[in-house]
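As written, the chains take the letters A, B, C and D, and residue 1 is the first residue of each chain.
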Amino acid sequence: MIKVGIVGGTGYTGVELLRILATHPQVRLTAITSRKEDGLPVASMYPSLRGHVSLAFSSPDNARLTDCDVVFFATPHGVAMAQAPELINAGVKVIDLAADFRLKDVALFEQWYGMPHSCPELLSEAVYGLPELNRDAIRKARVVGNPGCYPTTMQLGFYPLLKAGMVDAGNLIADCKSGVSGAGRKAEIATLFSESSDNFKAYGVSGHRHTPETAEQLQYMTQDNVGLLFTPHLVPMIRGMHSTLYARLKGNPDNAEIQALFENTYRDEAFVDVMPFGSHPETRSTRGSNILRLSLHRPGNGATLVILAVQDNLVKGSSGQAVQCMNLMFGLEETCGLMHVPLMP
Amino acid sequence: MIKVGIVGGTGYTGVELLRILATHPQVRLTAITSRKEDGLPVASMYPSLRGHVSLAFSSPDNARLTDCDVVFFATPHGVAMAQAPELINAGVKVIDLAADFRLKDVALFEQWYGMPHSCPELLSEAVYGLPELNRDAIRKARVVGNPGCYPTTMQLGFYPLLKAGMVDAGNLIADCKSGVSGAGRKAEIATLFSESSDNFKAYGVSGHRHTPETAEQLQYMTQDNVGLLFTPHLVPMIRGMHSTLYARLKGNPDNAEIQALFENTYRDEAFVDVMPFGSHPETRSTRGSNILRLSLHRPGNGATLVILAVQDNLVKGSSGQAVQCMNLMFGLEETCGLMHVPLMP
Amino acid sequence: MIKVGIVGGTGYTGVELLRILATHPQVRLTAITSRKEDGLPVASMYPSLRGHVSLAFSSPDNARLTDCDVVFFATPHGVAMAQAPELINAGVKVIDLAADFRLKDVALFEQWYGMPHSCPELLSEAVYGLPELNRDAIRKARVVGNPGCYPTTMQLGFYPLLKAGMVDAGNLIADCKSGVSGAGRKAEIATLFSESSDNFKAYGVSGHRHTPETAEQLQYMTQDNVGLLFTPHLVPMIRGMHSTLYARLKGNPDNAEIQALFENTYRDEAFVDVMPFGSHPETRSTRGSNILRLSLHRPGNGATLVILAVQDNLVKGSSGQAVQCMNLMFGLEETCGLMHVPLMP
Amino acid sequence: MIKVGIVGGTGYTGVELLRILATHPQVRLTAITSRKEDGLPVASMYPSLRGHVSLAFSSPDNARLTDCDVVFFATPHGVAMAQAPELINAGVKVIDLAADFRLKDVALFEQWYGMPHSCPELLSEAVYGLPELNRDAIRKARVVGNPGCYPTTMQLGFYPLLKAGMVDAGNLIADCKSGVSGAGRKAEIATLFSESSDNFKAYGVSGHRHTPETAEQLQYMTQDNVGLLFTPHLVPMIRGMHSTLYARLKGNPDNAEIQALFENTYRDEAFVDVMPFGSHPETRSTRGSNILRLSLHRPGNGATLVILAVQDNLVKGSSGQAVQCMNLMFGLEETCGLMHVPLMP
């Protein structure tokens, strides 16, 4: 059994980790830290876990995280990088669900997150935790930077096309829509029910942190210069993410050829589902599961290909993907404990 | 492995059965019938099941249901009673999620459902499928009438009090609220998104079919005459049911005594969770799971006890409870395949 | 033109006052105070008011509220009673949307609101602002305590029955449901979209401030001792309130007689709509308007009468009712500026 | 007073017309037709109109529409063109909220709507009812084809840029999102609450009827060949539309210059609100009102301009715009009866 610690288990990615790990057959939950909630049973804060998780939150000072095999950080940006070196030295693997180990370019990190990076040497060792594109490195990693939710959809959607050189890399547009849980469990007016329900808006259109993260990763897929325009929007739903991706085709490939490219690329992937050409995947078809679904459209048989990608932002977009990485890091079946059937309706 | 057939798998209770049974370790899905969708892969109608259910719908004529060990009816009222006798004769057990085998009083059935009962002898043999109150009979049953969603909450909420003779049985009020999925997957204007979201209403206040069903069952718990006033309401949420139950206390028992009564009654039940006195259970704490949570209040320490009960109407209120019955009927662990952690948020 | 000031215009009742007053033909908006937002144009905080309200928030110190004819307090409890005496002395009328002038019993106020009342003499002069029951007193009032949202529905629902002595006053049950905007515009986790959507729960079941307010007012309607059990619930919708009221009939009146009682009571009321017997009013039929709709049911023709009442909690339940009071206090048509057609769907 | 008839008043655009016209100071509602609901008071179907609309539906045969001054068609495609000639001959003006008089190119109409056009001569006379771009022609029109909801946002968003020749007309992308009421009041499974809430999806990505309508109108604005890619999505909200428009800038204009272009273009428009550069308009800021709000972004100061446009799809996107046209056709103030303040929250 893998001994698992969680730092910061009070937010949505934390409770989602708990939901997944509570039934994971190879995991023993060992410690969950929260300075503020020290001593409170986790199930008192989250009654959904009554009968499933008996652990209480413990103060970081008492948590003995160095006894764990792996520690997940479901914390604000900046926490993981402060604590990771000590854990790594103690032989504990680290998976960070925040941004501390995502951007390889330290300057870029410091520019977008407004803080110095406290362990650049660990960052240079860290592996970007997108298993479909980075599986072997994750297997051997000591530190994993789990991808952002939006970046997961953009990378898996554009990857086959960039790899094959089939589209203009310099002119990619990603019009993305997220459920409100992506904003986290923070007391803020903008995400109150009365503010964000029966409403739709864009945000961060002039610039968002997931642009540099995604652009950096897309650039690894092609020799051409990547140009990415990313527009996030807020949808009045709890979970779910829908990315509508636009790419200009080079030449005039046959639609069947493009479809085959996607199907072949993801043929052996348990968590990427390429739907029939012209399908419209719905976010709810992924609710509560680690699956990401893709489909392709070519309106008017023109020069622009439209790729639709949906996922549950808290699972494949965050905690599920982190557990998928953990499975790889410990030599388990990649799908172990992750085969939830989506909840529908 | 238990060979399972489902008649009418296109509605919400049908797809919820599929979600649960797809990961049930002792079940093999053998046949799903739909005359209209004959030949269509189930996962084409419900993309959430892609990769989990490979079966296609088949016409009832070809479905060979008599080869199954058990057949679930997730159909409109009247279908199960027409087909059950043949299946029973072939040694197949039957679990009906509709009302054909719920009401013991045939006249009452015919009055409320507007159709003659076609197999009253089977009805008299049928067992009411509420495991917490009827476990032994269900174990031996050939035909189970799965309880209605509202009746499940009312019975489990009032049972300890009626059994102990602690309240006035003649003056029970149940003010109940259900998510919209309870109305089924039917093309109707009243349950369109634009009609039922951002809205709240009562319905069927002057009379609803779940009143006679519940009153009949409550009457088994007490010698006193049961009087039940039941008021259903529609909540703009997909899943979830919240019943607010009012009962007049006889005498002046101590609150701790009442709380103990409930805790003792349900101490060994895996699927009934008695929360601390004065708690406010939320429907979402049961989303996607087979749990029903109860809590007690005594406003102003007065004569009226308020019992709050929440469940997922499609799980403990329907398909999960049906699988719980199946487990009993086939000698499995009652919790087998039913230990989903609720999806939160 | 009536010169109107608003103290605390940043919450939902404040912005709703602005929406209504912006098109009121007899009103000139003169001052809106907010210490925190001093200088900010109101329409910058609420873009819905762009083109309709040109005023900016001003610090209370500069607001010159004593130049107004009337000042509305859309503030937390305790603010109005601190500022009202000075305004009254300056000849300015005061309408408080919070609780400072609702409860006549000072001890009760101090018990439920946890603060001493700073101007009990003004409280004893203050008029409870429910126009349908208190019209003449409101016309002459200098200080009005605008009713709570829940109490409005309970009073208008029970009033005809208590007045006529038709029900057992000692055993009233009010099972009430409110949209989330009733919780106000405060940064709190419990009312985040991801917490309160797709969810339903009761709250404050063991005791809520609207119980003493309502009980005090109901007691004015009858010689019998009033006993009221009030259970509030939170509905995942923005606006809307639905109260399901239960009362035990004395004797066995004819249903037509009860219906006539209600219709006669409210025949001349512009803002109370008695629907046909057996109707199910929906909250959305009142969205954005000052109307309250009532209907009656008598399940099984038994001893318990069920009264359904719906309103928009921010209009008839709060800001609209306050403007209705203002119209009376200044000798205007009671309906002036209040005839919005509900927004449907 | 203008005598107004409505054909097909049972859908959402019909009831929205009723809401607006019920308080329009220059209108007398004269007839509302519905073959199916003949004799039913409109307020029985729509209780929100109780006290505001006393008319009953009448069969088209008895409706005497030729006595009206203007008739609105809030009907499925194909109805208006069948009845318009007779009305026009009788001197009645016609405003069609469906597509019969939108597309100038008859072949295009027949291709996309799958029916022959029954009065092409009237079509050639008909005026496209977008007042901001077509005001003078609307003033003199006998027949108006009211624009589609999506096309309204796309045209008002792209117009200043195309007119000024500032962007590449051949490469326009419109990623648009609509509330569910846009699908109309039809009994269909796809728009049930349980199907479309807590969910997000694209639809019609490979081709949608609003593409040819918009492309035809955009072409009038420029000499260059227009190329438009339009992707519609469904948002779990009742009302509201958000269009995210992408255009490639020619040259490298200053952002202040582009902002000024928009502000100057719409300076005198009562119903187009250009917000500050870099704003994020929310759909709810337009709920229930005839306003359309625009804002501009230039991510990374790059070559692509992002235009955000929001409106209420049932008001500026449909019924409000139709009344705006009516005002022009009858020489009234364009804003008459249309100055509703948006409902927020």
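Keep in mind that, in the parts below, a residue touches a chain if its C-beta (ideal position, glycine included) is under 8 Å from a C-beta of that chain, and two chains touch if they have at least 3 such contacts.
Small disclaimer: the values here were computed from a predicted structure and weren't measured.
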Name the chain whose C-alpha centroid is most distant from the C-alpha centroid of subunit A.
C
Between A-D and A-C, which chain pair is linked by the larger number of C-beta contacts?
A-D
Would you kindly tell me how far, in whole Å, the mean C-alpha position of subunit D lies from that of subunit A?
39
Approximately how many whole Å separate the CA-defined centres of subunit A and subunit B?
36
If you average the CA atoms of subunit A and of subunit C, how many Å lie between those two points?
46
By residue number and range, which residues of subunit A touch two or more other chains?
12, 179, 181, 185, 194-195, 197-198, 236-239, 281-282, 284, 287, 345
Sort out for me which residues of subunit B touch subunit C in the complex.
173, 175, 177, 179, 194-195, 197-203, 205-207, 211, 227, 229-231, 233, 235-240, 242, 244, 246, 278, 280-284, 287, 297-300, 302, 304, 306, 308, 310, 345
Partner subunit A, residues of subunit C touching it in the complex
12, 179-181, 183, 185-189, 191-198, 236, 238
Would you mind writing out the residues of subunit B in touch with subunit A in their complex?
12, 15, 19, 22-23, 46-52, 181, 185, 197-198, 238-239, 270, 273, 275, 281-282, 284-289, 291, 293, 339, 341-345
